[in-house]
Amino acid sequence: MSDPRAPGGAPPSAAGEAGPLPGAPLLEIADLRVAFASEGGVARAVDGVDLAVHGGETVGLVGESGCGKSVTALAILRLVEHPGLIAHGSRVRFEGRDLLALAERDIRAVRGNHLALIPQEPAAALNPVLTVGSQIAEVIRAHQHVTRAVAAWRAVELLTSVGIPDAEKRAGQYAHQLSGGMRQRVLIAIALACGPHLLIADEPTTALDVTIQAEILELLDGLQRRLGMAVLLITHNLALVAERTRRVYVMYAGQIVEEAPTGALFAAPAHPYTQGLMAAVPRADRPAERLAAIPGQVPPATAWPSGCRFHPRCPFAWEKCREEMPPLLPAGEGRSARCWLLAERQGPDAKTPSPQGASGGR
Amino acid sequence: MRALRRGWLRFRAHRAAVAAGLLVAVLAIAAAFAPLVAPADPLAQPDPVALQNQPPSAAHLLGTDRFSRDVLSRIVYGARVSLGVGAAAALLAVTVGALVGLAAGLASPAVDQLLMRSVDVALALPRVFLILLVLALWENAPPWVVVLLIALTGWFQTSRVVRALVLRLRESEFVQAARALGSGRPGLVRRHLLPHLAPTIIVSATLDVGNIILLESGLSYLGLGIRPPAPSWGNMIQDGKDQLFSAPWVAAAPGLALLVTVVAFNLFGDGLQAAFDPRDRR
Amino acid sequence: MLTYLLRRLALALATTAAVVTITFALVHLAPGEPFVAGAEDRFVPPETVARLRERFGLDRPLGVQFARYAANLAHGDLGESFARHRPVAAVLAESLPNTLLLGATALVLSLLFGIGLGIAQATRAGTWADSALGALALACYSVPAFWLGLMLLLVFGEWLHWLPVSGMADVTLRVPMDGLRHALDVGRHLVLPALTLALVNGAAVARFHRAAMIEALGADFVRAARARGLGERRVVLRHALRSALAPAITLAGLSVPALLTGSVLVESVFGWPGMGRVAYEAIFARDYNVITAVAVVAGVLVAVGNLLADLGVAAADPRVRRA
Amino acid sequence: MDGERSAVSGTRPLLEVADLVVHFTRRTGLFGTRRETVQAVNGVSFAIGRRETLGLVGESGCGKTTLARAVLHLVERTSGTVRFDGADLAALRPAELRRARRRLQIVFQDPYASLNPRMTIGRAVREGLEVHRLARGAEADRRVRALLEEVGLPADAADAYPHEFSGGQRQRAGIARALAVEPELLVCDEPVSALDVSVQAQVLNLLADLQVRRGLSYLFISHDLAVVRHVAPRVAVMYLGRIVEEGPADALYAAPRHPYTQALLSAVPVPDPTTRRARIVLPGDPPSPVHPPAGCPFHPRCPHPAKDQTCLTVRPELTQLAPGHRVACHKA
Amino acid sequence: MTIPRVVVCAALLLAGCAGPARRAGEGATGGTLVIVTTGDADVLFPPAGAVTTSADVAGLVFSRLADLTFDLNTVDDSGFVPELARSWDHPDSTTLVFHLDPRARWHDGVPVRAADVAFSFDVYRDTLVNSRFRPNLDAIDSVTVRDSLTAVFHFHRWYPEQLYDATYHMKVLPRHLLDSIPRARLASSAFARAPVGSGPFRFVRWEAGAVIELAADTAYFLGRPRLDRVIWRVVPDLGSAVGVLLAGEGDAIPLIPPAELRARVRAAPTLRLVPYPSNAVAYVAFNLRGRGGKGAHPIFGDRDVRRALAMGIDRATLVRSLFGAEGEVPVGATARAQWIWSDSIRQVPFDTAGARRLLEARGWRSGPGGVRWKSGVPLRFSLLYPTTSRLRQDAAVLLQAQLKPLGVDLRLQPLEFTLFEERSVRKDFDATFQARTLDASPASVLQLFGSEGAPQSNYGSYASPAFDALAHRAIAAPTRVAARPLWREALGTLNEDAPAVFLFSPPVAAAVHRRFAGVRIRPDEWLAGVGAWFVPPRDRLPRDR
């Protein structure tokens, strides 16, 4: 296998120009709702999310902690555990099949096979008592009819392909013997084991140092280009989204509040939340300036505010925002946002490009 | 999501713990007010020939034993022994264990090592064998000696747990913060360590009570704990063992009382642990 | 590894020394003397007692006795049993293997029972089945072993006649027997006492293992394993169980003292010719050398149990295996 | 190393750290039978003047948290000195040390761990007042309320427990606790890395306001170069227990001299899809502080084209390249 | 005075009488007897064995010179049947000559010779061997060998029980196997673990704590026993032991005191209870002296108070409560198995009113809490009993409740056996609860209450010249007929002085599987007749074949 690591610095090719890709989406989520019963009441962690990923593209799902983005990832794989429940009427279509309607056996054949997940914490997502090689091999054997020996050989090969030197030796080691970056490479190898068509990367670099993070992201980019898979990148880090994705969904309080091509979003965010978020991010490439913080806190999932869920923290909120929840409204070409400003065409004109877009999300 | 689930479990455990706690309270009250609760004198032998081994009836709700004594009354009085020995020994053991653990956790590494190596050795001592040895070889030990023996051989584990906790707390950021504020050692112990040790200590004491009740019953069953004619559940089982077929209630009733009590304490302890434990740590 | 073994050895030696000293002090400082009461409550004349005391060196000062005992012990000489007129080593050689057989069987059974129950509960956590199994575990955990033994005896021995009620072998079978028949015979006798100990001890294992399993099942790597499309059996038995084994193994190792204690009571209930009975009888006969030897053996067994637990944990969990 | 040099010339710096070394042993290996020495902080010198902020940047394991605790004398230092307002903390007697501690305080990274969960926010803030007998009774209540207000918490927060608050609010409480004893220097150990972006900005702004209002000095430790850039006019970069570069933020961010700083800066993603920069990807992982490499600690990963035998054998000292800009690199 | 007599195998001539059980039976041999015992043997070397199981096993492996018949007459020579000795005679009043049976063989085939007898006596008397039977042989000066088949016993003086003393306590040991072993090591020798004797059964195996097996000696010179095997199976708990019996895993238990267990045996279709006279008695001995044996005891120094206590104890109820209908209230310091037992011995009657009057008369008045006081001393005393004895503990509990209404505050003081024994011997007690298994010979009574007897076993320091004189005369009486009235008088005197209250004789009954025929039990040695037990072929179980 050749060294899959991309030469440093090359930008991902597709990220620049955004446009609708032809054909049916690879993954299509419609009205996804996930609720948890808890002491404090019912937490509607994900509350009517629509989202689509087309073959080969990289889509970002960005939001702060508690907004429901990780639960969305789990719900796609139908891994929401008791006491969480995916509501009836939610749909997750992957390669034409509704994952939520599949038999347990059949969904298992999808997980880790054509639809793979790179989990959040590389330290926790590897079984500490099994060698990393065996954990890769077992995924291969779960989805492909190969012998133990072939699977083991493939495992070593995969480790090499994700840039782990001395892969044969590493395959026989345990997670605690590897550094954080190595662990994440192993997890990527596991995710790639069966040649997935869609990779869900849930905060793949949050637990890593900046330099390692860069390495991992370069690796992912290279692999994606080579293997032609789609990636759903879930993160809280706007900068990552800006650098790595083609389209972005912004989540807040269990809902998608904005969807847009990456370039357009960063050029002119439509939703006040997105605007606030961008203003609050400190930047290493700019001299110190006072940050524009969003006031208040993210509300708890058991008590979403009425109306627009962002209204208590929104500088533009008025009566209607408090009473009525805005739908996703068209906000330009290929983009939409969940904000009454778009309907009323009023508010901070300077910041909001609000021409009526012909096409919407869906 | 996990926090939510754990919360639900905790709630459920709470209810069982509340029930168990109530039961423990009822038992304790019954034991404390035994003379008022027990229908008869636990030592009275109305007619050791005609009324011996009577099955349960209106007059004797749990029947009578081979001496025509009222089994229910003996169980009520026996609760004094079981709960008394259990509670006293557990309290003493846990107190000693907590103090040693605290001392080791706060002391210099040398003292700490000395204490903990001693505890290592002590933990490997055949505890029950030694208790048995003392009780068997020494003259008729009064209950407080039993308590003392059980307690003094039962604190090692607690001291280890407490020490580990102290060491962890010492490294915790809020203790570091308190040290940075200039808090002295007594203040640290009072304000930061004890409130965190308390749940562990309380839970460990509660669970200990159950274990000690079992231990005491075993000793009494061997005829070495509480000596007749004073009733204790262990010696009542021994009393009834030979009549297991003709008068099963004599052995069954105290056995059941033992089971229920120990279950109650364990359930209560588990519940406390669950209630104390997560404390919403994210 | 070597350092570890040396440390273990040092601990075991310290424990043995402590056990010997404490036991020696307890038996010698206790009121009452050996030989005074003959077997079966018989009176022994004072001159006989005096002769026996002289023969076993009990007329020397305590310090001398202790030094002699310690010196002999260092040479592996456990002395002679007062009551049995035999070397203590011979007495233990007969009874210890039986206790070890019972204890080891109970240990294995309790691990199987405890781990099985823990898995069954953890995979059903929060359901009524979990509660029901939890109640079972709690009951087993809270029941006095001697009482449970009596009840099992009553049901399986006396009422159902399924299993022999006492002893270790069918005494009426002609000796010598071929190995297999002997093993089967001993096995049948082993069922009830081992089960009694295993239920009580296994319940403790189950309580810990359930918690460990629940934690493991909630761990990220288990969810990750599911996300890779692995079957539920594989997820539970390979991923969760393997990583949750350590506490159960540790507990099993630490339960050696409990098993020894339990065997004192259970051996008497089931007439198992083991060390527990030897110990119990020795205490009442003031058979000093046997008492001390039993304490030493118990200390050694505890040390071995801890060692096995450590090695078991190391085998089950590579994280502690480092270096 | 010339530790007596101060960045703020003329006046005596408030905090002066010279040749600070912190090693500690830990047990590892099979059942803790092997001891190893972690060289967490390996000869660090810097100074902070009054009302000044020094940003300290480094990746995990570089020793920055140990450094923070050593500055506060919360861990034993192996060698070197920490002078606060001229006084060596290590030389103080316990009572004096306690008094000195009033003047330098710490804000921790994890707002969930740094507050005692069994203590109300009010009691936590009050603890410092009581320890140093600054106020009692109603006066203490009033001061606690004022402090909470100052950090942007509602006054009734005093009676609530930490778990009733969000991360940002807890971090505010942690700051209030530190402020209660009216310190002059605040060591902020990753104070915002556990917080969400929107809240992180609130806390950063709060810290900036407090500095102005109270004339505080900050030692601001973070792994996040972007955050540091926002708070610190002067920045030091740490690698494997040592400072490898120190200088004015503008100069350092615009033209980093040390190859590590260069790589670090290049790796930071920028929330702007239109900018593209060349990225330096460092090979391998940082070495373990148990066995730091000989020579330049960075040499095994150093991408510098001129790397040579000197780098492998001789440890570079911090040398001044421009006024106030020091770099520890043979090739810089 | 001396009457030399020759007893020629009387029992062999009188077929069917209470004669020797061990002889050739007609019909088929076969059968396995599994005895369930609560205690393992200690040493199978007869002089050293201290526990019942050892004695039981040794009794079958080894032989005596002559054995007692079933009526346990220890006085007359007519009470004995030959064993190793074919006959015996008294050439003079201090000499007893035994003529050995030339057919007698050790299990290894070596013939039994007079030298073995002399050797055995030596061993039993050797202080290095430290046999507990040594005191029983005190009256014998020496044993000499006249020829290979004739052993001569030399006594210090004449007395009626010479034959009993010469034969009963001493088993004959094989000199050729033991001679080379140092005396002090005999008890711990390999022989003591795997003995070779000359009795009806030969040793097969012993697994400590579990099983001892004997097999019939087919070459036994008095005719092989009819059973093939006798196996002891150790089951430490009596309840479990009965369980083993009920489960069909055992055949016999010698003694079952608890009424409940006896009821279970009785209800079992495969088992039968074989009652036999008790040879045990339990009594509360009062300390007549002050603590440590000095002065008079403040309570028990007064004969009337002792009598009052005796009157206040309802022994019949106590016995019935403990044993149901089968218990027996002892008539005095004896037991049913002893030939001196008589229902006409004078006793203190049960009379609580009388007891109260007597106490009042002696100045013991009712005080606070219903306890009587006299000159500042409460009528309160502690009763020592050993923790090992369930029966005594139960009886003490009953006693405490019985004495309470009389104004007597009885405190129970359970002690571990050694401590119990030590304190009893040191006279450091108020009252001690003793139990004695009595010898077949009534002479033992003098040891318990005689003033010059063994001071250690006369716990209460009872000293009565009248009793001493009567007992000595009774012991010296040459025949049972002459001795009986004297014993009756002696025991009556003892009862009236009430130095002790004889509370109960536990009912003794063996549980034996119904398939065994010919079962007869001798109270002193329950397996003495086992040679005659057999299993009719149609009743045999798999293990009998």
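In this document, chain identifiers A, B, C, D and E correspond to the written order of the chains, with residue numbering beginning at 1 in each.
Just so it is clear, contacts are C-beta pairs under 8 Å (C-beta built on N, C-alpha and C of every residue); 3 or more make two chains touch, one makes a residue touch a chain.
Because the structure is a prediction, the values reported are computed rather than measured.
Visitor: Go through the assembly and pull out the chains touching chain A as well as chain B.
Guide: C, D
Visitor: Quick check: more C-beta contact pairs in B-E or A-C?
Guide: Taking the two pairs in turn, the one with more contacts turns out to be A-C.
Visitor: Between chain D and chain E, tell me the centre distance in angstrom, where each centre is the average of that chain's C-alpha atoms.
Guide: Each chain's C-alpha centroid was found; their separation is 90 Å.
Visitor: In whole angstrom, what separates the CA-based centres of chain B and chain C?
Guide: 22
Visitor: I'd like to verify one number: the distance from the centre of chain B to the centre of chain D, where each centre is the average of its C-alpha atoms, in whole angstrom.
Guide: Roughly 49 Å, centre to centre.
Visitor: Would you please write down the residue numbers of chain C that are in contact with two or more other chains?
Guide: Where chain C meets two or more other chains at a single residue, that happens at 31-32, 126, 218, 284, 286, 322.
Visitor: Which residues does chain E have that touch at least 2 chains other than itself?
Guide: Chain E, residues with two or more chain partners: 416, 419.
Visitor: Show which residues of chain A lie in contact with chain C when the two form their complex.
Guide: Touching chain C: residues 74, 77, 79, 81-83, 104, 108-113, 116-117, 119-121, 124-130, 135, 138-139, 142-143, 174, 176-177, 187, 190, 193 of chain A.
Visitor: Which chain C residues qualify as touching chain A in the complex?
Guide: Contact set of chain C toward chain A: 126, 218-232, 234, 238-239, 242-243, 245, 316-319, 322.
Visitor: So in the complex, which bits of chain C are touching chain E?
Guide: 31-34, 36-46, 48, 51-52, 55, 80, 83-87, 91, 94-95, 98, 153, 157-158, 161, 164-172, 175, 267-271, 273-274, 277-278, 284, 286
Visitor: So in the complex, which bits of chain B are touching chain E?
Guide: Going by the criterion above, the answer is residues 43-45, 48-49, 52, 66-68, 136-140, 223-224, 227-229, 241-247.
Visitor: With touch defined as at the start, can you tell me which chain A residues reach chain D in the complex?
Guide: Touching chain D from chain A are residues 5, 8-9, 11, 15-16, 64-65, 179-182, 209-215, 218, 236-243, 262-263, 266-267, 276-295, 297-298.
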